[in-house]
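Paired with chain B in one complex and with chain C in the other, chain A is shared by the two complexes that follow.
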Partner chain A sequence: MRRRAVAGLLVAVVFAQTQPAQAYLKFGVTIGGRRVTLKWAQRSARYFVSDQRVPGVATSDFQAALGRAFTTWQSVPTASISYQFAGLTVARPGQDDGLSTLGFESRPDLDRVLASTSFLIDGVTGELIESDIFFNSAFPWSVAQGGEANRYDLESIALHEIGHMSGLGHSALGETELREGGGRRVLGAEAVMFPIAFTAGSTAARALKADDIAGISDLYPDGDFDQAEGSVSGRVTKDGQAVFGAHVVAYDPVTRTMVGNFTLNAQGQFSIGGLSPGMHILRVEPLDDADLDSFFDVAVNPVDVDFKVTFFDSLVVVPRGGDSGEVTVKVVRK
Partner chain B sequence: MRTALVVVAGLLSLRVAPACAQSSQGAPGRVELAIGPLWIGRQALGSSDANETAGTGGHLTLFSASTELASASGWEGRVGVKLWRSLEAEVAATSATPEIRSQISNDLEATTPVTVTERIRQFTVGGGIVWCPPLGRSPSRLAPFVTAGGGYLRQLHETATLVQTGQFYQFGGGVKVLFASRPRSRLKGLGARVDARAIVLSKGVAFDSSRHTSPALGASLFVRF
Partner chain C sequence: MRSLLLLFTSLVLVLPARATVLVPADLGELSRDALAIVRGRVVSVDARWTDDRRTIDTIVTLEVESYLKGTFGPTMQFRVPGGELGRFRSIVVGAPAFAVDQRVIVFLGAHGPSVPYIVGFSQGVYRVVRAADNTGWLVTPPPVLPSTAGTVPIVRGDVSRRPVALDDFERRVRALAGGAR
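Up next, the complex of A and B:
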């Protein structure tokens, strides 16, 4: 779900993380008491484009912008997922018809939701059957190559939603400031999967970042991804107690890339995968740049945000195809 | 005890002789073995910013990291072979355990700069040329020299899970002091060498593709055969 600001809908499926994922938040469901990661079993997804025009966006331009966004995900060399355009349809997104449909819906009531992704899941096997994306036509959209002032870039927003469609949750790699009238403005983001969009007119989110690439490669690893890349794992504690929901970022000063994840269980454990071998700087921060419910079901898992930004006191070495060995980052109260 | 006395007696019987190969008499021996301590000065490894993309397409810096390889002491061993009267070729190996220090500053949310560290084991194996410029006809115990060389750099991280390799180049100069010599003996000479060098490292743990230079000082005892 891509929001124009912070308030809005809950994510359509629950996060099902009891063990730290290797990279990224992934969607998951509980089927028969077991956790199932939400992903396309065949590493391939067919999608239909709803033939509904909205002002300023012809169907062909809409389809082309979506195609570019799908191609961007499909072009990640370390991931193996692919997407096929199956044709135009009169069906609308959100219908449980077994067809993954992308299209516009006018939802002026969702005044801070630009787009949203929903899933249809087999309740027995946990298999992903369908994933629909709706773009809220209550907002002005652009499919222009260079973007248009005061219009949201459809390709950028589609890129984010297709990440969801592929099974990725939100990333917290972004900085925001509060707006006077409510909501947040994005100052910077280093993940397409950051939950809040750039302001209208921006096309800065058309390219995947290292965090996105690590996430999709973790879900659909291709080639020697697991052997070529490494991971960092460890715990975050405060006053000797585990911290849940801390955002941990591994920064590679050589490639100048960042990949993040969260502490995801009662032990305060985290694991960040898809890292290039070499030294990394670990930065731990509270999850305070977006609504907590963009990431977690806070009613079930209260997130601790009462601590200062902390750097792990050693450079962390990520071996090729292996893990750093557990590191413990001790944070202190604000 | 008996062995020690024999060695001491042997060394005392060595004659004073030119320290290098520049004199008309020539330095005693063809092969030189040396070992001694080495100090390597700090070396900047580069800076990098953890940037996020701004909506305008520019950057927002989350924090900055400036990294250096701290100064460290270690050991060096060398084997030299006289090629010509004033020219020697040598192979050398060094070992040191410097610390990598990254100073993190300008964090968007953290107020005070912090330094994060990691210790590595650094090894070099390489070769070089030592030239003793002729300074006059009279033999001297002191022999200035200039040297240049290069070789292979291997840096092993503290956890021993990752090795990073590169190259090094060095040039500098110093002086050799020959304490004594005994041309007709198997052990033909004993002396010391001190030198100052500039060491240039390429790749390895550096954060960029630039070459990084640091000073180094070496001192060693040598024997000649």
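Up next, the complex of A and C:
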């Protein structure tokens, strides 16, 4: 299990102070009282594919679909992460064995989980030992180019999970509806990293959105990303008090793209990076329709959802390679 | 400007990993699917090796205050994947976190003679918290209730989407668990 000498798999946790600003939630842990963010130190991550198969998905097709999803992430021109297929394995995801493995598993206890990503970390050194992705074989899967009715699109779900494997958390840029007769479904999402899946048969989540691109570029900036893009930062308050967990969205009316993040500390501060220079509309909304555990450690940080949607009262100018300067958005109770 | 940005960068680092694609459930589905629904106080959170010793999971023990559906006894346990054991920390992202003395309502399932699990993963956990004005107990996050008005979008910021009073939440759950819609 502790084969931490496996070549290429031992990746160190890197302190994030080298990053200029963030889009997105990033994964973080506290090691020895230090706050560290999880990301691959080497910008080339190796992964194995489990040879476990499920009905309708041959191992070669599974591997190919994963390969397409990895390629989508590493094709982002402003990010430098890459991924290498290391081979097929009899190992299974979820085993703490030092191998980063993607594969199917039967997990009836994860009854509504299509797929999930896990990390094994050395709690003393902070080393990220491995990251696995499991796909729940209890669900019907498809690798068909155009998708298949009543089957979940493996490439779409893999794209989401690989975002996590790369260090990205969830985005709240999505909208859902309640269905007559019961149940809930996604109406639309402006991020692959939205945590709720489209209905079976959809292939809508095979393409990255501006929010995803901002996130991966923020973690692994390449080229002139830092100089070409900008950020907006500020605070959200209610009755003069800081608001934790408010969802803040920057919308560019020219490109019609949006990037989001959250207020993430006791001062109610937020920062959204990876924005195209120019005017942005800033909207603040409560995460009152969500499973908060998907976003935050609510056992530690109570999230305030008792406020109305609020737009900042003027357009915010995002400068090229710089920050807007602090913007304060005051929200009011519902 | 630079120092301000560096400050913001440090904001995110305490967030634990959360990373799962879910099939969404409303409160009616959770209530019907659960074998048991329990309100209780967390008295212990213990990581362990799984029976096959291939990974780590965590056993959460509740001192039961009330069962809204089913029963497991005055204290009961359920498991969540991941945990910290010795120097190794296994993070199964999306798994909800628990702390001793928290009050929670959990929707539980079970397969055979095993420790129960949470139905709907993180969707099957609600926290019981004191109201800001100290007048009572609230349940958060706001539940996603089954629609009674056809297919309708869920709108963030809707004034009706607030943490609900504990007794109101439990009344709704009991009704939904019993099949009433």
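Following the convention adopted for this analysis, the second predicted complex is superposed on the first by the 305 of 334 C-alpha atoms of A that agree within 3 Å, B and C clash if a C-alpha of one lies under 4 Å from a C-alpha of the other, contacts with A are read in each partner's own complex, and residues count from 1 in each chain.
To be clear about the criterion, contacts are C-beta pairs under 8 Å (C-beta built on N, C-alpha and C of every residue); 3 or more make two chains touch, one makes a residue touch a chain.
All values derive from a computational prediction rather than experimental measurement.
Because the two structures share chain A, they can be overlaid on it, and in that overlay chain B and chain C fit beside each other without clashing.
Looking at the superposition, the partner that touches the larger set of chain A residues, chain B or chain C, turns out to be C. With both structures placed on the common chain, the touch criterion links A:Pro195 to chain C but leaves chain B unconnected.
When the two complexes are overlaid on their common chain A, residue A:His280 makes contact with neither chain B nor chain C.
Once the two complexes are overlaid on the shared chain, A:Ala204 sits against chain B while remaining clear of chain C. By the touch criterion defined above, A:Asp122 lies against chain C but remains apart from chain B after alignment on the C-alpha atoms of chain A.
In the superposition on chain A, contact of A:Gly322 is made with both chain B and chain C.
With both structures placed on the common chain, the touch criterion links A:Leu173 to chain B but leaves chain C unconnected.
Of the two partner chains, neither chain B nor chain C is touched by A:Arg235.
In the superposition on chain A, contact is made by A:Asp313 with chain B only, not with chain C. In the superposed model, A:Leu187 makes contact with both chain B and chain C. Once both structures are fitted on chain A, no C-alpha atom of chain B lies closer than 5 Å to one of chain C. Chain A uses residues 175, 186-187, 285, 308-309, 322, 325 to touch chain B in one structure and chain C in the other. The residues of chain A lying in touch with chain C in their complex are 1-2, 16-17, 19-22, 25-30, 35-38, 94-97, 108-124, 129, 139, 157, 160-161, 164, 169-170, 175-180, 182-187, 195-197, 231, 233, 247, 264-265, 269-271, 285-300, 302-303, 305-309, 322-323, 325-326, 334.
Of all residues in chain A, only 173-175, 186-190, 198-199, 202-205, 209, 249, 251, 253-254, 256, 258, 277-279, 281, 283, 285, 308-315, 317-320, 322, 324-325 touch chain B in the complex they form. Only residues 46, 48-57, 59-60, 62-63, 65, 67, 100, 102, 104, 107-110, 114, 116-118, 157-159, 161-162, 164, 205, 207-208 of chain B touch chain A when the two sit together in their complex. For chain C in complex with chain A, the touching residues are 1-2, 4-26, 28-29, 33, 54-56, 79, 81-82, 84, 86-94, 96-99, 102, 109, 111, 114, 117, 119-123, 125, 127, 129, 140-142, 144-147, 150-159, 161-163, 181.
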